[in-house]
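Two complexes are shown next, each including subunit A; its partner changes from subunit B in the first to subunit C in the second.
Up next, the complex of A and B:
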């Protein structure tokens, strides 16, 4: 029996495989575009945003449209690329925008010393909600606005914290 | 960025893969989001990476004063090739690596000609500027 005869329909198998690959490729492209330009889920963990976010990890929905339109305001929780380690992203709260004066406690564990700084133009001042255990602008200074990657919309997981973040 | 790039405008090809893999080295011309105005992108040359010491002339028009600075970790020091007319790290300090958006590969002479024909640029480049094709290809210092 001829292997390339009518027994095995190679042509239609190849055609179907190609069509399925095309569908998967299109889906992956759509996923990539959505994650980069519209909104994306992110896993965040760490003690620096207690009690707003959990220590052991939350899945948050971050939208990536507002920061391109310049609609980031003090009080927003944002996703920011770390100025110290460019491979990491941080989740912190924006306390002041460029041009504002910001007053902060330099080292709350050890002293009550307070400093006031004017945030340079084009920069933002970010701080974790848990100032006792957060590496933020108090250590590495104001962060250029170009490092802001997204604004946190709401929490998706765990389900008992589902919804908008409360201050 | 004279004399590497033209005063009247250039169309360059920027690739966006290397900076994600961390393959940016001193001497590369990079596309960087401005730390002072986040709506603009700058094209400057990387002079030093994080951890290196960089020595630069603070204000070459007025004095010969030289300063040496250690670039903080996770930052890059960028300078324009024309230090007399460049706003770069000498004014706004080291730039976080996360602001690097791409590495310049080459200049597209054909696109420069097309752009001048359809009057995209403010000043069209004259035919004398593009022939001989010594500007085509990889940028040299």
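Up next, the complex of A and C:
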């Protein structure tokens, strides 16, 4: 059989392959836009947000609209790009916004020493709920608002913790 | 009935183009205009037209930058503004500040300066800034046509020889 003859419909195979690629590409673009501009699930783990978040990992839904509109407030749990390693994202709670004064225990494991700092304009002060095991603004200082990537909306997994996070 | 499906077809096409364009401009490359003269003479040498440059986003995958790269980043003081400056020091490098202090750039941060030091608001005023603020690296000038060219890295020898990290992050 002549492979390049009319027996095998190369034209229509190519056309169908192209159409399917177009559909997959469109879907991936939709996924990207939704994850970047609307909301995205994220896996977080670690002890720094105990007891709010679990040590062994939670899947949270982060919305990516409010931080672009400037609607982040003290008390929100946010997703923040780490100022120490830009390839990692952190999940911490906003304690103070730019212009506010924040008082914090510097090293609760070893002493009771407290410090008060004014957060610079355009920055936020983030802390983990578990101040004994959290690397946050107490170590690396206030972070620029431009590093905030999203606000945590609710927990999706594990199912027995499903719902809004408690304050 | 015919108009409704025509309208729907047009909307779908626009939506597709919009989504694909947004994805490309977020993940791969985009074109931005430059205002201000803090990077003269590399960009905007005269005050008549603004340069348009190609910004690539592949560098945001692993955050590998080199001394002398021109980058666009969100301002640390106002997240809505974006600035364009040249990287002068990477994490772990030492840099000399205007007060003649010598400062070590913390990990995860970098030091930027404008080529035109006289009229440039950069790390000499707001200090080293986190790499996470970078939004892309400038590779080419695309407009005006007579200035179309690759953008080269330009290093100068202001760094002291104490560099205990390799050149890229």
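To be clear about the criterion, the second predicted complex is superposed on the first by the 162 of 167 C-alpha atoms of A that agree within 3 Å, B and C clash if a C-alpha of one lies under 4 Å from a C-alpha of the other, contacts with A are read in each partner's own complex, and residues count from 1 in each chain.
Quick note on the criterion: a residue touches a chain if its C-beta (ideal position, glycine included) is under 8 Å from a C-beta of that chain, and two chains touch if they have at least 3 such contacts.
For clarity, every value in this text was computed on a predicted model and none was experimentally measured.
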| item | value |
| --- | --- |
| Subunit A as common anchor, with subunit B and subunit C clashing or fitting | clash |
| Partner chain(s) touched by A:145 [first = subunit B, second = subunit C, both, neither] | both |
| Which of subunit B and subunit C A:81 touches, first, second, both or neither | both |
| Partner chain(s) touched by A:112 [first = subunit B, second = subunit C, both, neither] | neither |
| Dominant toucher of subunit A (residue count), subunit B or subunit C | C |
| Which superposed partner A:123 touches (first subunit B, second subunit C, both, neither) | both |
| Which of subunit B and subunit C A:160 touches, first, second, both or neither | neither |
| Residues of subunit A at both interfaces, subunit B in one complex, subunit C in the other | 81-86, 120-123, 143-147 |
| Complex interface listing, subunit B residues touching subunit A | 33-38, 72-75, 95-99 |
| Residues of subunit A touching subunit B in the complex | 81-86, 120-123, 143-147 |
| Touch list for subunit A against partner subunit C, complex | 25-26, 28-30, 32-33, 36, 81-87, 120-123, 143-148 |
| Subunit A-touching residues of subunit C, taken from the complex the two chains share | 16, 19-20, 22-23, 26-27, 62-63, 73-79, 106-109, 129-134, 169 |
